[in-house]
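After the C-alpha cells below, expect a handful of questions from me.
To keep things simple, chains are lettered A, B, C, D, E and F as they appear, and every chain counts its residues starting from 1.
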Amino acid sequence: MTRAAFKGGVHPHDSKAATAQRPIEAGPIPSRVVLPMSMHLGAPCEPVVAVGEHVERGQLVGDVDAMVSAPVHSPVSGKVDAITRRLTAGGSIVTAVEVVPDEVQDLASFVLLPEEHDLKATVRAAGLVGLGGAAFPSAVKLSPAKDTPVSTVILNGCECEPYLTCDHRVMVEHAERVVAGGRLIADAVGASRVVIGVESNKPDAIAALRDEANGGVDVLELPTRYPQGAEKQLIWAVLRKEVPKGKLPAATGALVHNVGTAAAVADAVEHRKPLIERVVTVTGAVRRPGNYRVLLGTLISDLVEFAGGLEDDVERVVAGGPMTGAALGRLDVPVQKGTSGVLALRAADCTRAIDDDQPCIRCGRCVEACPMFLQPFALGSYALLGDWNGVERYHGLDCIECGSCGFICPTRRPLVQLIRSGKQALLAKGVKP
Amino acid sequence: MSLVQHFAILLVGAALVNNILLTRFIGLCPFFGVSSSMETSLGMSLAVLFVMTMASAATWVFWNALLAPLGVGEFLYIPAFILVIAALVQFVEMYLRKVSPALYRAMGIYLPLITTNCAVLAAATEAVKPGFFKMNVPYSFGFGEAIVYTIGVAAGFGIALLSFAAIRERLELAPVPRAFKGSPMAFITAGLLSLAYIGLGGLFGL
Amino acid sequence: MTEATRSRTRVVSAPPHIESGQTCTSIMLWVVAALAPSAIYAVWLLGGITGPAAVVFVTCIAGCLGVEAGWNAVARKPQTLADGSALVTGLLLAMSLPPRTPWWMCVAGAIVAIGLGKLLFGGLGFNLFNPALVGRAAVTISWAGVLAGLPERGWFATLSLPESAGLDAVSGATRLGLFAADRAAAGGYGIDWASHYRPLLFANTQGSVGEVSALLLAIGGLVLIARGIIDWRIPAGYIGSVAVLSWAFGADPIFHVLAGGVLLGAFFMATDYVTSPMSKSGRLVFGVGCGVFNVVARFFGAMPEATTFAILFMNGLSPLIDRAFTPRTFGWVKASD
Amino acid sequence: MRFDLMIAVVVTCAVAALGLAGTYAVTAERIVEQQRLAEARSLKSVLPDASEFQQVEDAKILQSAEAEAEGVFVSAFRALASDGALIGWGVRVQPRGYGGPMQMVVGLDRNGKVTGASILSMNETPGLGTRIQSDKWFLEQFAGVEASGVDKQLKALDVIAGATKSSRGVNKGVAAAAHVYEKVLSKAGGE
Amino acid sequence: MDLMLIAKAVGALSVMGVVVGVMLTVASQKFHVEVDPRVEAVFAALPGSNCGACGHPSCFAVAESMVTGASPIDACIAGGQTVVDAVALALGQESCAVDAIVSARHCCGGLAVRRVYEFSGVKSCAASHRLAGGVIECSAGCLGLGDCMRACPFDAIRMDDRSLPVIDLVACTGCGVCVRECPRGHSALLEMVGEAAPVVVRCVQHDKPAQRKKYCPTCCIACKKCEKECPEDAIHVVDWLAVVDYGKCTGCGACVDVCPQDCIDFSGRSAVAPAHTLDGMAANVPGRVAAPKAEQTEEVVAG
Amino acid sequence: MSKWIEVFRSGITFENPLMRLMIGLCSVLAVSTRIEYSFFLGVAVIFVGVMSNVVVSAFRKLIPSEVRIPIFIVVIASFVTIVDLVMHGFLPGVYAVLGIWIPLIVVNCMILGRAEAFAYNNGVWLSIADGLGKGVGFLIVICMLAAIREVFGAGNLVFLGVHVLSLPAWYQPPSLLVLFPGAFLVFGMLMAGANALELRKRDRGKGVSA
C-alpha cells in the first residue's frame, strides 16, 4: 500500500545510484580511534579508563550517571593513548578518549554486554542511540509516559536524504534483524503494531522487508519526497496525526525508530553486542564509493582514504546527508554514532557560495516547501537582524532544520543557519519550545 | 435609494473613498506616531472608534439641543466640541487606568494624543455641522446618520492605521539608506499609500 | 594519509549543501520571456522598431537599468543589474504606458519606479509597492493633461494594420472609454460587447502598449503558471472576481476581462512576489481584492480604468493580509486526547 | 465633590464664551459683508454693464427655480442698469465638479444669451480641475451661448483634457442657470 | 441684541462646562488609583536602553524593583555613577560609589591567524563558531565577524582593520552584553574588567605554545618574561598563558615593554598610558569628557 | 534674556515641532500646496500658540491640574475661533482655502503640548519665547515644504499676488507634487535631508573619538 505524503517538502535529485547497490563492506582498521565522550544528545560521558590502560573491543570507556546519555565502548582492542579535547564534526570541542589499536584485531568477538533484565536496560548498556542522525539515546525513548501509551512502533526506513544508502543496505541485507528489532521494541513498550515506512525509490528494500514481515508488522511504501523521514512528517503519513507542539510523538500513540537502530537493538539483545560500529555511506567524489561498516571513532580522513581518497576537485566534505549534514573544516574528526554518511561534493554538486546580503525576493517557495508550515523567509529576516522576538513570533522553535527552505530558495539565503541562530538565542533565553 | 443602501454608501464613503488619513490629511500625528507597532495601532484604532463615536453622539446632542437653537453655534462650536472630546478622553483614561492597568500601560501615552487628534474633532464636527469640510453633504445628519458616518470614519482610520503598521513592520526589515531610516521612510511610504488611495477618488460619486 | 585529505582549506557552509536549480535571474528571465511575444508584437503593430511603442520600450528599459546601475555606483553597492528585476520593471512600465508617451515622461517614470518605488526601500525584495505601477501612477497623475492630449486619432490612421484583424483603427477612444461614456448615459448598456472580442484578443491599438493582444498575454501568463514561476491563485482570484462581478453588474464578463489592463495586471503585476502576500490563502484574498476594486472602480468610479490603483491599493494591504493569513504551524493543533 | 474643579472649568468656559461672543459681534457683519462683496464682484464680472444687483426674494419664483434645477440653483439676482432698467439676470448655482460642489455665478442678458460664467469657490484638484479657472479660454467660451437649446450647444464646446468631470460640472452649472432663466426668470419679467 | 447673544453664549458654554466638570469629578473619584510616583522618577533616571545587564527584563522592571528595595540602588550596571546618583536622589537615599567595569578583549590575532577553511554563510561569529568550530585554527580566538559590535547597546564597539573589536572605553558602560553575546564565551575572550585595569593580555588560547605559534603569530608564548619583569608580582603565566592580577597591577607598563609578542596592551580609563595601541588610546581620555586628538588616531591606526 | 533666546532657538532647531517631534502635521501637509496659504497658517499658529501660552502661564497657579487639559483646550479653542472669525472677516481670499484647517489648529498637538509641557510650568516671558520659537519653527518648515511643492509642482511661486519665480516654459510641472501624495513625499525627503546633514555632522564628530 502507498500513502499520500505530508504537505510541503521538496524533491532533490536523490543521487543514490553510486552506492545503492553496493553491499556493505568492512571499513578500515585505523591507526588510532578517537572516541568523543559525547556522541549523543544529552549529558556527556566521563572517561572510565586511564591513559596507558589496555582496553578490549567492546569494553566500556565512558559512562555517566544521567538519564539522557549513552555509554561509549571501544570498538578495538588497544591502548588508551591520550584523553584530549577534540573538535568534532558538529564543530564542538569535547573530551575524547584516543585508543591506539593493537596490531592484531579480532573483529568477530567483543566483550559481551552484561545480562540485563529488560530491553530498556540492555539498550542503555549497549550505548545505543538513534542511528537516523539525531543520536538521541534510544533507551530514553523506550520508557513512554503512562498517560501516552504507544500503540504503533514506526520504523523509519525512509532515508529521504539524497546520497545516503546505509539504511537502504541495512534493510536489504539485514531485513530480518530490522523486523526482529521492531518486534522487540513493540513488545517492550506494549505496542500492537509495527509499521516500517520506506520511500518508493527503494523497491528492493520493500521487497526484502515484506519477505520477513508477518503478523503485526506492516511495510508501508511512502512517496519519495524530502523530508519524508522526519519524525513528525512520518507519523503524519502513517497515522494522519500531527504531533502537537511541544509534545512527544507518543502523544499520537507512535514511537519512531530508525531501521538501523532497530537492527542494533536486535544485536544488543540477541548477541549482547554494544554499539561499536555502524554503516556509513561514503560517496560523491571519492574513488571507491560504498557502504562501509565503520568502527566508531575512525577518523573521517582515514575512512575517506580507505574509500580511495578524494578526487582533486572536491570543494566540500560533508558528514551526514547533504540536506542536514555538517560541512567539515578539517577531516581529522571521528565518525560518531550519528554519522550516516561522508559526502565529497564537487563545486558543481553543491550550493553556490552563500552570501547573507542576498535579499529575499519573497517568492514564497520556502513557505510552500516548509513541512512545518512555517514562514522561513520571515524567520531568516528577523534572525539576521537579531530580532529574536520576531523569530519567536513566527514559531521559529518549531523548525526541524530540515533544510527544505534553504534548498529551494532562489537567492540562496542561508535560511537554516539563520533560523538556527534564532533558535539557539531563544533557547538560551529560556523560551520553551 | 433604500435606507440600507444609503447607510452603506455613507459608511463606505466615510471609510474608504474619503479616508480620513490618506485622502484628507486629518489625524496624521497618531498615524505616524503610533503605527510603529501592530499592537499599539490596534489599541489606538479601537480607542479612536470608541472616543469618536461617543464624541459624535455627544456633540450631536449639544449642537441640536443647545448651540443651534440658541444661535451661538457658529462661533462656539470649536471650544464646545473640543471640550466634550477632552473630557471624554480623560474619562476613558481614568476608566482604563482603573479597570485594565495593562491596557493603560500600553495605551496610556496615546490616549492624551486622541484629544489632540484632529480626526476626532473633524469627524464630530462633520457629523453635526452641515457643510463643514466641504463634504458633499448638503443637509444635516440625523442622529443615526451621524453615528454611522462617524463609525465609518473611525473604521477608515483603523484600516489605514493597521495596514500602515503592518507596512512599517516590514520596513523595519528593509535596508533603507541611512538618512531615510525611520520617519522619512514612513512619510514616503505614506505618500505611496495615498497614491494608491487616489484610485478611490470619486467612487460612487462621493 | 595524504596531506590533501588530512586538512585542506575548503568551503564550509551550513546545510543544506545542495540546491534547486532556480535562481533569481532565471525567474526574472522567464518573466521576460513570457512577456516578450506581447512586447515584440506591440512594437511591430505600433509602428515597428522606429515607431512610438519602440521608443517607449527603449526609454523605459534603459531608464530603469540606468537608474539602478547609477544608484549602485554612487552608493558603492554591488551591482545588481544581473538579477534581472530592473529589466522586468522597465518592460512592465513600458507596457503599461500609452504608445505615444513622450520620452521624457518615460524617463521620469523609470526614475520614480526604480528610485522611489524600489531603491529607496532597500532594493529588490524590500519595496512595498509595485515599482512599475508606482512609476505609471506617478506619470499618469502628474501629466494627466499631457497624456490626455496625445493626438491619438490621426496617428493610428496612418499605420498599416493587418486587414484581417478587423479593427477600427481610427477611433481614438479606448474601449473602456466607450464603456465609461455608455455608463454615464444611464439605462442598459448599448455596447456590442462581442464586436470587441477579436480586436482585444488579436490587435488592439487603443490603450497601453501592453494591451495589444490579450491572447499573447494570457499565453505568457499560463506559461508562467505551468513553470511554477507564479502562483495561480492571484490571477485566478483577480480574473475570476472581475468576471463574476462585471456579470453581476449586468455587463459582459468576457469584455471586462479582456479590456484594459486586467490580464497584464493579473498575470504579471499583481503576481510580483515582493509586493504580494506569501501565503496561499493570502494570495487568493489579494487577487480577489484586486479584482473587486478594479470592477467597482470601472462601474462606479471616476476613471474608466483602475488596474494600477487596484493593485497598488492591495499592495498597501498585503503586509496586513500577510499578518492575517499566516499558515497554521504544523503541530499547532488542540491537543487531541 | 471637588467644587473648585467645576468652578475652574465653568469660569473658563464663561470667560471664553464672553470673549468669543464679543469677537463674533465685531466680525459677523464684516463676514456677511465680505461674502456679499465677493458675490457682487462675481456678478459684476459676468454682467459688467450692470450697476446694481437685486436679489430675488419672491418665494414663488425661488420655488419654481428650485424645482427647475434641484440642488444646483442657489439664488438669482436682477441686474439693473444705472437707470434702474433690467438688463439681465445673475444666477448663483452650485453644480458638482470632481471634488464636490463648486460655487458659480452665471450671467444672462435679457435675450437669454449667457454673458459669462465665474467661479466663486471650488474644491477641484489643484493643477487639474482648477484649470477650469486658470485656463481663461475655458470660461470665456460660455459667453454667447443661448439659453434655448443650451444642452446641445454646450455639448459642442471643448472640455479640458484630463479634467472632464470639472468641465462637465461647469457645463451643468451653466445649463442649470439657462434652464432657470428659460423656464422661470424670463417669465417673471422685470417686476 | 448683542447682550442677548453674549448671555446666550456664556450660558451655553457654562452649561457644557458644568456637565463636563461633574462628569470628570465623579470619574476622578470613582476611578481613583494610587500610583507610586517614585517608580516613574526612578525610571526616568535610568538609561532606558533595556540592556538587561541588571538581570531584569527592562529598565521599568528594575525601577519597580529598586523602589520596593528588592534591588540595590546601584543595580543598573550600565548607568555608572551618574545614574546611581540620580536614582538615589529620586529615592531620597544616600548615593554610593560604584566600581565601574568595562569590557576587555583577550585576543590580538585577527586576520593574522591561520584559517582552516573558507566560510560561506551568515556573517556572524555565532554562526561561524557553530560551523566546524569557526574559520580560524585557534579554537579560542576572535572570529572577527562583529557579533559584539552589533550587540552593544551603547555603540561602544567597532571593528578595526584587523577584524578585531575595539572597545571605546569612553562609551562602554560595562553592561556586559558583548560578553554574553560572544560565542567564544567558553574561553572568556571578552571579559569584564575593572574600569581602571591598566593592562590586558591579548591572548586566551591554552593550547601548547608550540602548537599555537604555528597558527597565530601574535599569541602569548608563555616565555614568562613579563612575570620576571613585573616589579609588583602582578602577572603570572598560568596554564601556558599570562594572567594579570588586577589587585596588584599598577600599570607601570614593564610587561607591555618586554613582551616579545606584543600581546600585552595598555587599557583602562585611568591609567597613564602611551597611546601606542588602539585600545590604549582611549586611556588618554580624562574621564568621559574630552576626546583624543585627531592626529593621535592616525598614528595609532598606522601603528 | 539669554535663556529666552535659548528657548526660542530650540523651537526652531532641535525641538522643531514638525521635523523632530512630528506633531501638528495635518494642516501642514494639506495647506502646503502654496506658500501663501502656508504663510498665513503659520502666522495663525504663532498667534494661537503665543496667546495660549501667555494665558496658561499667567493663570497657571489658578488652574487645578486635574482639569488642566479641558481648560487649556478651551483657551486654545477660543483663540482659534478668534483667528477663524477675524480671518473670515478680513482676509476672505485666504480664508476660502484655509477655512477648514483653521479649526484644526485647536488640535494641533503642538500647541496643547507646549501649554502643558512649558507654559504650565514657566513664567509668561519664557512662555512667549517658547510659543514664538515653536511657531516660527513651524512656519519655516511649512514654508519650505510649500515652496518646494509650489515651484516644482506648479512651475512658479506666487506670494501675496507677486510672481516671485517661474520655471522655464518647457518645464512640465508634475502635478503629483501638489496633490496629497506629493505632500508626504516631499516632507519625507525634507526629513531625510535634515537627517543626512545630522549624520554627516555626527560622523565627522566620530572620527575623532575612537
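By definition in this document, a residue touches a chain if its C-beta (ideal position, glycine included) is under 8 Å from a C-beta of that chain, and two chains touch if they have at least 3 such contacts.
These figures come from a predicted structure and were not determined experimentally.
**Student:** Both subunit C and subunit D are touched by which chains?
**Tutor:** Chains in contact with subunit C as well as subunit D: B, E, F.
**Student:** Going by C-alpha centroids, which chain is farthest from subunit E? Tell me that one.
**Tutor:** D
**Student:** How big is the gap, in whole Å, between where the Cα atoms of subunit C centre and where those of subunit E centre?
**Tutor:** Distance between chain centres: 51 Å.
**Student:** Please compute the C-alpha centroid of subunit A, do the same for subunit F, then give the distance between them in whole Å.
**Tutor:** From the centre of subunit A to the centre of subunit F is 67 Å.
**Student:** Between subunit B and subunit D, what's the gap in Å when you average each chain's C-alpha atoms?
**Tutor:** The computed centroid separation for subunit B versus subunit D comes out at 32 Å.
**Student:** Centroid of subunit D to centroid of subunit E, CA atoms only: how many Å?
**Tutor:** 72
**Student:** Check each residue of subunit D and list the ones that touch at least two other chains.
**Tutor:** Within subunit D, residues 2, 5, 9, 12-13, 16-17, 20-21, 23-24, 98, 128, 165 contact more than one other chain.
**Student:** Mind pulling the subunit B residues that touch 2 or more other chains?
**Tutor:** If we look for residues of subunit B contacting two or more partner chains, we find 72, 75-76, 79, 83, 87, 90, 134, 173, 177, 180, 185, 188, 192, 195, 198, 201-202, 205.
**Student:** For subunit C, jot down the residues that touch at least 2 other chains.
**Tutor:** As it turns out, subunit C has residues touching two or more other chains at 7, 10-14, 116, 122-123, 126, 138, 141, 144, 302.
**Student:** For subunit B, which residues are in contact with subunit C within the complex?
**Tutor:** Listed in rising order, the residues are 38, 162-163, 166-167, 169-171, 173-177, 180, 185, 188-189, 192-193, 195-205.
**Student:** Under the stated contact criterion, what part of subunit B meets subunit A in this complex?
**Tutor:** Going by the criterion above, the answer is residues 172-173.
**Student:** Show me the residue ranges of subunit A that touch subunit B in the complex, using the header's touch definition.
**Tutor:** So the residues of subunit A touching subunit B come out as 381-382, 385.
**Student:** Contact residues on subunit D for subunit E in the complex?
**Tutor:** It is residues 1-2, 5-6, 9-10, 12-14, 16-18, 20-22, 24-25 of subunit D that touch subunit E.
**Student:** Taking the touch rule as given, give the residues of subunit A at its contact with subunit C in the complex, in rising order.
**Tutor:** Counting only subunit A, the residues touching subunit C are 10, 12-13, 147-148, 162, 232, 236, 241-245, 247, 251, 301-302, 304-305, 309-310, 314-318, 322-332, 343, 345, 349-354, 357, 359-365, 367-368, 371-375, 377, 394-395, 398, 401, 403-404, 406-412, 414, 416-417, 420.
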